[in-house]
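Dropping the structures in below, format is structure tokens.
Next, two complexes with subunit A in common: one pairs it with subunit B, the other with subunit C.
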Partner chain A sequence: MSNPTIVEAHNLTVVYGRKPALWNVDFELPEKQVIGIMGPNGSGKSTLLKSIMGVVEPTSGFTKVYDQELSEVRDRVSYVPQRQDIDWDFPASVWDIVSMGRFQKRGLFKKLTAEDKDIITESLEKVNMLGFSKRQISQLSGGQQQRVFLARAIAQQGDLFLMDEPFAGVDIATEEMIISLLKEMKTAGKTLVIVHHDLHTAQSYFDHLVLLNTRLVASGPTQDVFTDQILTDTYGGKLTTIAKISQELENKEFPIRYK
Partner chain B sequence: MNDFYIIFTASLVAINCALMGSFLVMRRMVMIGDAISHAVLPGIFVAYYVSGSTASIPVLIGAALSGILATLMIEWLTAKARLQSDAAIGIAYTLLFAIGIVLISKFGANADLDQQCVLYGEIEYVSLWLQPIVGGLLLPQQAIILAIVCMVLIIAIAIGYRGLFLTTFDPNFALSTGVAVTFWHYFLMSGVSLTTVVSFESVGAILVIAFLSGPPAIAYLLTEDLKKMLILGCLIGISCSIGGYYAAKWLNVSVSGSISTVIGILFLITFVITSVQKSKLDVITS
Partner chain C sequence: MELWEHITTFFSAENYTLFIVSIGSGILCLAAGAVGTFTYLRKRALIGDVISHSVLPGIAIAFMLTGVKNPLYFLLGAVVSGLISIWIVDYVQAKSKLKLDTILALTLSVFFGVGVVLLTKIQHGGNAAQSGLDSFLFGKAASMNLLDVKLFSIIALVNVACIAVFLRSFSLISFDESYAKGIGFNVKLLKGFLALLTVMTVAIGVQAVGVVLMAALLITPAAGARYLTNSIPRMLVISGSFGFASGLIGVFISYSGAGMPTGPWIVIVLSAFALVAILFGKKRGVFARRRVKKNNHIKINNENVLKDIYKVGSQGTKTITINELIKKEKYPPKLLISTLKRLEKIDHVGLVRGMIILSDKGRLAAREVIRKHRLWEIYLSKYFQLDADHLHDDAEGIEHVITPEIEIELIKLLERPEKDPHQSEIPY
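Now for the complex of A and B:
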């Protein structure tokens, strides 16, 4: 059984200046799954999300969501930008940030209703941050900042979530909390597309994987594409070093997480 | 009464600049105010040359147009030529300012346009041009224009607050939800252009930059809420105007220079105090 397609890219190429970030990428992603986008640094993972979300204009090719232009279905898609792209010293509270998730439905000029406030409260509750709603965002830890971003996306009430490195620089408790929340969302019929770094957790987190290295290396169900050959093609020589180190660490029973 | 006119005018400039400057500081683009206040020179000269007078209205229109031209040029240089925004600002405003200088030195030998005045303003003389308003009250012409702009800005921020807040904090997220980020950029830039143009005529370009960056930066150190930062920035600007004016009177020095100095000193004091408090707090929490 294969789920219907929710996101597709065709001949997608994005060039910054003279350097291509994505080159002729083609794939289709299935609905209602947790999908990982992986690849080495600078392989175009963030650019891929940004071009799906219309933040970056593709140089050629196109992407579609629900078989339509993004502008037709924007209210069904939530985007979680990379945490590091944001100035967290901005004078704003946790509540201010999460309420941005309601701006799209309510428009930029109408007051937020009681219903909006309920949704914001609920979203904060889901990520265990309700107690922090008045807290200024610069006083949050990395993990808490990430949860605030997640709450903002939940408050948008979309069906498709595109998340840029939600696990980067977060504590283990937050990572576990986020992953169980994501599984819960998947059960509720949501689709989650996640840019991810950590190969160790890839197999346990994702149903489907997209492996990128400027070009598309592979896209398919995790058990089919998470093979030594494809990973070596994606990461090149770097992976063998990583693999050797983690093998070594495991042999010595070093306390690293290895699922 | 002269004291009041000068302080009143300077305070209005302070409020306008604090409102715009708060957003500019958070967007890391305060120097665009500097760019605009210099780039208006060719516009002022062309308006003067065409209309044949230094009357306020044509000059203001000319200045506002070249201010907006400067922001368009900067945006184009950053987006299309892929220049760093500070390099784009440097190129755009020096070019426009230089064109202004060249035009004045070529065609404006006997023009009543003073390049000094562009830089340092003439706030000491605002009471020379008084205008009667309701109830027989006299106010400086400059102050009336500044007050109108102030009302326009307050209304614009009240209506556009959410758009400005969202696109300043997280432009990528804003784009992903279909918000026209470019529109809000020019919305803000029009306000900045308007503010700079009407302000620098009374206080000069240097004090405009001091007002755009100083009070918002001080307010930023003191508060954790953008709305409070806007209000606090205005209050700090007004206090600096009052303090700076009396300091100038006491020491018999330039009013613009004195106010700028007060802003700078107040920033340093605030910075030291908040840093000490913060390091105390860090000791407690760690």
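Now for the complex of A and C:
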């Protein structure tokens, strides 16, 4: 039952300054699954998502979605950035934020239509936030903020969802709601790629795992990849040599490769 | 009426030029307020200051190259050197380990220093046309001619129109740049365009208030407007109106008194507007917050007194006197009387000759407070390892905070308990 590939990374390398955040990462992700991207702090999880999404330019290598350049299929990809990166004391209501999910379709200038408004309403309903439409975003709890971001992604109506730490700092009720929503979306044929932190829940949440520590440690079905050996490799400190090398590259300004 | 005389002369035909100047300044400040809203929202307040100081060398070089005081050349020079300063800030930030505040401070002083050196050189250069060039330091709104005003107003209005058209994208990149990139908006181009609008506005604004005060024109109206609204379109309108009114009033004041400077007056009026907004903003304002605090205190006092009337009067079955209450609960008499009077007004109690009669409404309210108190005690003792003698003090505070929704949740969670940890009954 191997599903066709939806996301492919080839030799993906992203360097900030001199320090590699991602280093020669290769993998293929199957369609219509819930996929976890995991690894310790600073292992390049967010960077990976951002480079698939075109937010960060790869230093070398590439990613493809549906075997095409992202720009060709961007309307099929929904993105949930990390909630903590945002200043929530911003003059906007819940409705304003979820409306952004329709901007891709309507572009810079076109007005939102009645159809858009229906979609926004539905998306809010799906995350149980319709009653909060007019609420100022500065008054939301962490869990509610995450729901709003999720609703915005749903309003984009993509087939592939890329989510950066949707479970970080949310309450249990929100986590349970998101998980059941994810399962529902998977049944509806969506693919979900999720940057995740918590090892305890990994097995029950994900069908497929990508384990990162700057370089790719493993990528495959959860039952194959979630082994003591691989987890020790990823988290167990045996790979701190990678971090030391990265620090050397940064401090002494070595190039990562000659071009 | 001296003031009225001022106003009528101000608007009379013989002062047509002055009238035009004031409208011109108003429109300038309106544009600055509108563009500045995004400078503020993107937390680039200091970059506004950098740009306004960095246009000075551009203006000086424009004069040195052309030898004439043409506002169009000045504008061009100002825009070019303003854009270069932004580019330098971005470039150095990306390529070096210097912190942003260091880069901003350095860029600002270097550009401003070069500008002042060039101006001094021009002044000693013997070109007669140079007189008045130094007014770019503090502005010269009052001496703008009609051509200047027309040119500046057109540019200002074009800026405002661009903001209206690009409202969606500018709001989006201010809130969440990654997302904007993720959905395929050309963020680099949009940021560049917004920067261009900002630099253009600054370039014309410095002609009115000078480089030193220009940053105030960008940031102050937006900072004030933020206290009055939670929506970006409304913020733009309020911020622009603050700017427009300040421009008008500033010119008027400087015209009324001999030798009064225009730019500084515009900024003073603007600051006054902002201050009023910060103090009186409906939700975020200083006084609004104070009112919230005061109302909380009133609520706490009301509920505490009600609760004690109920308890001292054997669960509301016995009428008690004010003296009894003072003796038992040790209230400061003054506070107690004022609280009782407030409770009488909302029909929670009746006061007759020193006696306190609890009404049905008051009885229910008292039971509600006691119920919340005891529910909270149960919650604490059940889920947190708290000793029984620590529960009461905590609940004394929280009983006033629990909303009806949270109360329902508590009752559900605790499965509608009958007794609290001290074996007192919970009044439902």
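Simple rule for what comes next: the second predicted complex is superposed on the first by the 236 of 259 C-alpha atoms of A that agree within 3 Å, B and C clash if a C-alpha of one lies under 4 Å from a C-alpha of the other, contacts with A are read in each partner's own complex, and residues count from 1 in each chain.
Note that a residue touches a chain if its C-beta (ideal position, glycine included) is under 8 Å from a C-beta of that chain, and two chains touch if they have at least 3 such contacts.
Worth saying up front: this structure is predicted, and the values here are computed from it rather than measured.
Steric overlap between subunit B and subunit C is present once the structures are superposed on subunit A. Shared-chain residue A:L108: touches subunit B and subunit C both. Contacts of A:D85 after superposition: both subunit B and subunit C are touched. Looking at the shared chain after the overlay, A:M100 reaches both subunit B and subunit C. Looking at the shared chain after the overlay, A:E57 reaches neither subunit B nor subunit C. When the two complexes are superposed on chain A, the residues of subunit A that touch both subunit B and subunit C are 50, 53-55, 71, 74, 77, 79, 81, 85-87, 90-93, 96-97, 100, 103-104, 108-109, 136, 138, 152, 156.
Of all residues in subunit B, only 26, 82, 159-160, 162-163, 165-166, 168-170, 172-173, 175-179, 220, 223-226, 228-229 touch subunit A in the complex they form.
Against subunit C, in their complex, subunit A makes its touches with residues 50, 53-55, 71, 74, 77, 79, 81, 85-87, 90-93, 96-97, 100, 103-104, 108-109, 136, 138, 152, 156.
The touching residues of subunit A, counted against subunit B in their complex, run 17, 50, 53-55, 71, 74, 77, 79, 81, 85-87, 90-93, 96-97, 100, 103-104, 108-109, 136, 138, 152, 156. Subunit C contributes residues 41, 43, 165-166, 168-169, 171-172, 174-176, 178-179, 181-185, 226, 229-232, 235 to its touches with subunit A in the complex.
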